[in-house]
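Here the chain labels run A, B, C and D in written order, and each chain numbers its own residues starting at 1.
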Amino acid sequence: MQKLNVAILGATGAVGQRFIQLLEDHPWFQVAEVIGSSRSAGRRYGDAAHWVLDDNPPAQITDMVVGALDDEIESPLVFSALPKEAARLRELELAADGHVVCTNASANRMLDDVPLLLPEVNAEHVDLIALQRARRGWSSGALVANSNCTVMPVVMSLKPLLKYGISRLHLVSEQAVSGAGYPGVSSMDMIDNIIPYVPGDEDKMESESRKMLGSFDGDGIIRWASTVSATCTRVPVLDGHLVNVSLELAARPSLSEIIEDWETYQAAAPVPELPSAPDYPLQYLQQIDRPQPRRDRQAGAGMMTSIGRLRECPVLGYKFAALSHNTVRGAAGCSILNAELMAVKGYIDDFAVREAAAIAQ
Amino acid sequence: MQKLNVAILGATGAVGQRFIQLLEDHPWFQVAEVIGSSRSAGRRYGDAAHWVLDDNPPAQITDMVVGALDDEIESPLVFSALPKEAARLRELELAADGHVVCTNASANRMLDDVPLLLPEVNAEHVDLIALQRARRGWSSGALVANSNCTVMPVVMSLKPLLKYGISRLHLVSEQAVSGAGYPGVSSMDMIDNIIPYVPGDEDKMESESRKMLGSFDGDGIIRWASTVSATCTRVPVLDGHLVNVSLELAARPSLSEIIEDWETYQAAAPVPELPSAPDYPLQYLQQIDRPQPRRDRQAGAGMMTSIGRLRECPVLGYKFAALSHNTVRGAAGCSILNAELMAVKGYIDDFAVREAAAIAQ
Amino acid sequence: MQKLNVAILGATGAVGQRFIQLLEDHPWFQVAEVIGSSRSAGRRYGDAAHWVLDDNPPAQITDMVVGALDDEIESPLVFSALPKEAARLRELELAADGHVVCTNASANRMLDDVPLLLPEVNAEHVDLIALQRARRGWSSGALVANSNCTVMPVVMSLKPLLKYGISRLHLVSEQAVSGAGYPGVSSMDMIDNIIPYVPGDEDKMESESRKMLGSFDGDGIIRWASTVSATCTRVPVLDGHLVNVSLELAARPSLSEIIEDWETYQAAAPVPELPSAPDYPLQYLQQIDRPQPRRDRQAGAGMMTSIGRLRECPVLGYKFAALSHNTVRGAAGCSILNAELMAVKGYIDDFAVREAAAIAQ
Amino acid sequence: MQKLNVAILGATGAVGQRFIQLLEDHPWFQVAEVIGSSRSAGRRYGDAAHWVLDDNPPAQITDMVVGALDDEIESPLVFSALPKEAARLRELELAADGHVVCTNASANRMLDDVPLLLPEVNAEHVDLIALQRARRGWSSGALVANSNCTVMPVVMSLKPLLKYGISRLHLVSEQAVSGAGYPGVSSMDMIDNIIPYVPGDEDKMESESRKMLGSFDGDGIIRWASTVSATCTRVPVLDGHLVNVSLELAARPSLSEIIEDWETYQAAAPVPELPSAPDYPLQYLQQIDRPQPRRDRQAGAGMMTSIGRLRECPVLGYKFAALSHNTVRGAAGCSILNAELMAVKGYIDDFAVREAAAIAQ
């Protein structure tokens, strides 16, 4: 099977590096183009990128020449790790130009015709692409987004509980520094300290959760109607966002029913068969002091959400803690899973033509 | 003015050390006895104590010989930093024996006739001492406690808002490691990590807040009736507990009214004149990213509570962040302030006899 | 191929856990017995052990019952992660009783007839076992040790340079907290701090390096004669010891010759073929700010030593930085590699009988 | 006594903030002008500066308007916390224009006629100002520099040992992040990590120590002739640089002689009487695990150097650890002490005229 070429926009940044790392041995996709800022364009990737992840960049990427943002892109599939302002127009241009763009940037997330996709939660939203193409006159191009990295573990852990009717939701996050990119948060702010504010994230948690948990009725996404309150704080942790969730349910399931809901939850086919999908997207940890960022962020190669401490909340009824790896499942890993879903759903032309039979097995 | 001799129980531990540090230049009290575990008893303090605070222990303490827990105590005033089980009976024995005992231990906090004292919040609870003495047949002895270090900034920041009617209260803490004592939390648990659980603290926040904010009707404390939900987490910070507070008020004050309530709040005389009391117990920080543990824990020499980020909460109405220094205001500093209040209220015999005139000025 | 049963002594501690983790999928060995302290004995491993590594213990280990230290051991191969005093006699008893014991404890390391083995450096020391058995009257039993975790990257990086004549060696370490075990170093000592002293390690670096780099002449180890000065400090890092090495060489190789020595270094057969051996034990990093503990400790699955910053030292001639994972290569991983070497060398009876043919391939 | 007006260049940066903090209650000097970058100029200091120290900026500074770097300066005394390139010409212009400039920038430190002043070490270097003025045709202006923050504790601790003849010096530092300014080192580089390289500092330690410990012969500084090797590393500590020092002495003093040299060392008058000078610039700590950055950096209000662990070094003869607060004694505090020395030596015109009598007492 010949792999599909992909381009990474914002390839030298922290999320761009995570895309490269996660795609190193991907069975379907291979990195063919790395695109950076004007400061990086024209240089060897190994020289232009200050690699902030562990080890070193994969050897085959190190010698690639970084392209400029306005260069023509050849790869049919594009992953965007661009800064917000750089992303806004360029992602739409590339989609108009026939590329399937899977973006981690926030710029276009809340557009009405852009799916905010988390395959285990709302795979059916991918069909918003038909509307997107029709409305915008695009043929082969498309734009799908993944969510903010902090809302992700919340939405994932709420999905199996929607049946109980979630009326009110209260969230307090403790977020890792990698969520702010590199260099991001100064070490002078993080040693022996926490910061009780993360710019922009409280609004995103409230708005993006409503879009992601909304239903697709053929014409668009009908927003989820729960009342959401989010507080976002920054803690001296490298990777892994933990969210303290309290919620009110219309029904009154027992704690063990909820735990069973989580432990048995799986998305409908084909999601569990996608290469980057964990067998089960959720795990419930019995230990009273878990999940912990350092110990649980790698669960399912960074693609699972770990939940713990489910108990009664005197104010809202139920509370628990949920944790995900913010730059894997909460960013690059989710974009890649979204692209895999797009591929098997037939939204990537080249891929569909060449590989449909293989995937269908 | 001759200073009153005090004894420190549990003097070699982390909170015991904080007592010694804070009493170094105290205008009324002087450390005359340091009491430790059987392992420390009989040794020089400088040898027995592994000093964990900054610098070194005060020179005059270093050469004191550590006494054993069952030694007879001579000092009329006793500060207890004992572990819970060691505290339970010994504190009552010492009070029965005529000592005024101000304890930071949790063992006897919730006894009906023991005031859980935070002078700016409930100074009138000190009069529970009369009942305590009558019921137990004590003459000069007494036992007063200060609260858990995490509930402290909550209770302090709620006090000026009681007039609005607090019906529901939702708390998520991010607590410093010094709250667990020394050696306490292993560095292997705290590097690049948080722990979403602090043994015992969630219960204490719920129960102690109800006692502290209760009213004294002459016969006892009538518990405050609000519904409280607490989640306690541990973060890699040395000192300073931050609590994310959401609350529901019966009245609907504006945000600026609440800020003014905080900024102008003072306890009634004589509390603001006590040596360890800050001029104002609360400060509101306008910066959107404050309070922060490292930058704000020393406000008012560690005795003020810093508040920030007051804003609307879609779920409960209001939310904000509150921070106090957990081993100063939340532990040793509060015990000392409690003792100062006991002194001026005439509950410490020796002190009252010798110094009443001076204090009354 | 049927795997060889092994027992882990001190199985619930931090290094014991690392043994379990590294042996999870080992091709030759399988954990059959887990031995703990009297407090753990008789309990399920999953209940007795507070797992401090990432994720959770392997499922097949979780349900094992922890044995007591004086229980009879059935497994022919024993890995010891015992505390020093517990190790001293018990390891010798087990060897006398016919077991091959590979220990990470320091108690018996410096005994004249115990090899202090680092296979890429001194595989020939394994033949000291013949003397050991003869002197002690052991038949199938043996005791081999691995070194202190801090001296390990030093000895490994010096091995290819021995040919130049190392006359003087000056070492300053920056060591991770996991080197002290769990709970080990208090978080109150490590937040915003370093400790310029690690009990015992300076002596070990000086004495163990002389034994490890010594030559085996058939009668025993002739100590390496270099002058060694070691300073050991503790830094707030989870895993990975970095050592700043300065050294004087009799010959005057160029910097590039030394780098080539490192990059091409391999031990003689069969060491590179052992299952836990990396292809090359050393890597030289060209970036001026490497090696770094968090980014480089996992090189070669934690079994490689990373070197960087080779440059001239005005005082001693040459200086560089070397880094290894202290609980993988510097502890459990090295013990396992030592056992693999023992196995292929025929020192483990059961293994030799059953599997010699397979290994010889 | 009317205080002398001073201007702070680079007032909004981390070292600029430290100048402001340390001058808040200075007995001789008062901040009259705060100068910042073009981005800050014209704004309120409280708005322009992201305050990174504890608490908040002093109230009287908060409302000052930040001046631009090319604005005319009125204050006779100027403290410079400028970045290197900005400092180079501007500091010389201001001195030419009649200002006494005390700089923390490195740009002009190594100029032959600029004293690199550490008053307890080389107060006599201040007389290089006469040459400076003569050569450059300056009347009332002058430029004095303080050293790099890492070399400072080394030079201070070596001063009392110069009499023994220091032939070789080997240094390995463990430096705090505040040495890199704000935002400086990314938290993504410092969590669970150290960086074995600090750009520029190794060269500075070697060259600046030779100038500072050199002798002034009336015509210039004769460089100290010792051989110096420096390795500089960055650790996750907020403030306080620790240096592991090994050295060779021509004489062979006992360890206790050296400790007595340190404990009794004082500079000649008038240095110990300067307002910012500690009574003794050095303290020797007997505990085997000290000095530690967090516990010892505040010794002498951040102006003392703490030494510990003196012992024999098998390679060079002696070794010890030395620690100073890098942004107090190693930066702003040293500049202020330098200015105090300039003042009492009569090099600041306005100050000399008005206050000479008072100081002479």
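What to note about this one:
Keep in mind that, in the parts below, contacts are C-beta pairs under 8 Å (C-beta built on N, C-alpha and C of every residue); 3 or more make two chains touch, one makes a residue touch a chain.
What you see is a predicted model, and the numbers here were worked out from it, not measured in a lab.
Hopping across touching chains, the smallest step count from chain A to chain C is 1. Most remote chain with respect to chain C, judged by CA-atom centres, is B.
Inter-chain centre distance (chain B to chain C, centres taken as mean C-alpha positions): 48 Å. Chain A and chain B have Cα centroids lying 44 Å from one another.
Counting partner chains per residue, chain C has residues 189, 191-192, 236-238, 294-295 touching two or more of them.
If each chain is drawn as a node and touching chains are joined, the picture has every node linked to every other. Only residues 14, 52, 177-178, 182-192, 236-238 of chain D touch chain A when the two sit together in their complex. Interface residues of chain C, counted against chain D in their complex, comprise 168-170, 172, 174, 189, 191-197, 206, 227-229, 231, 233, 235-238, 242, 244, 246, 288-295, 308-309, 313-316, 319, 321.
Against chain A, in their complex, chain C makes its touches with residues 53-55, 191-192, 238, 294-296, 298-299.
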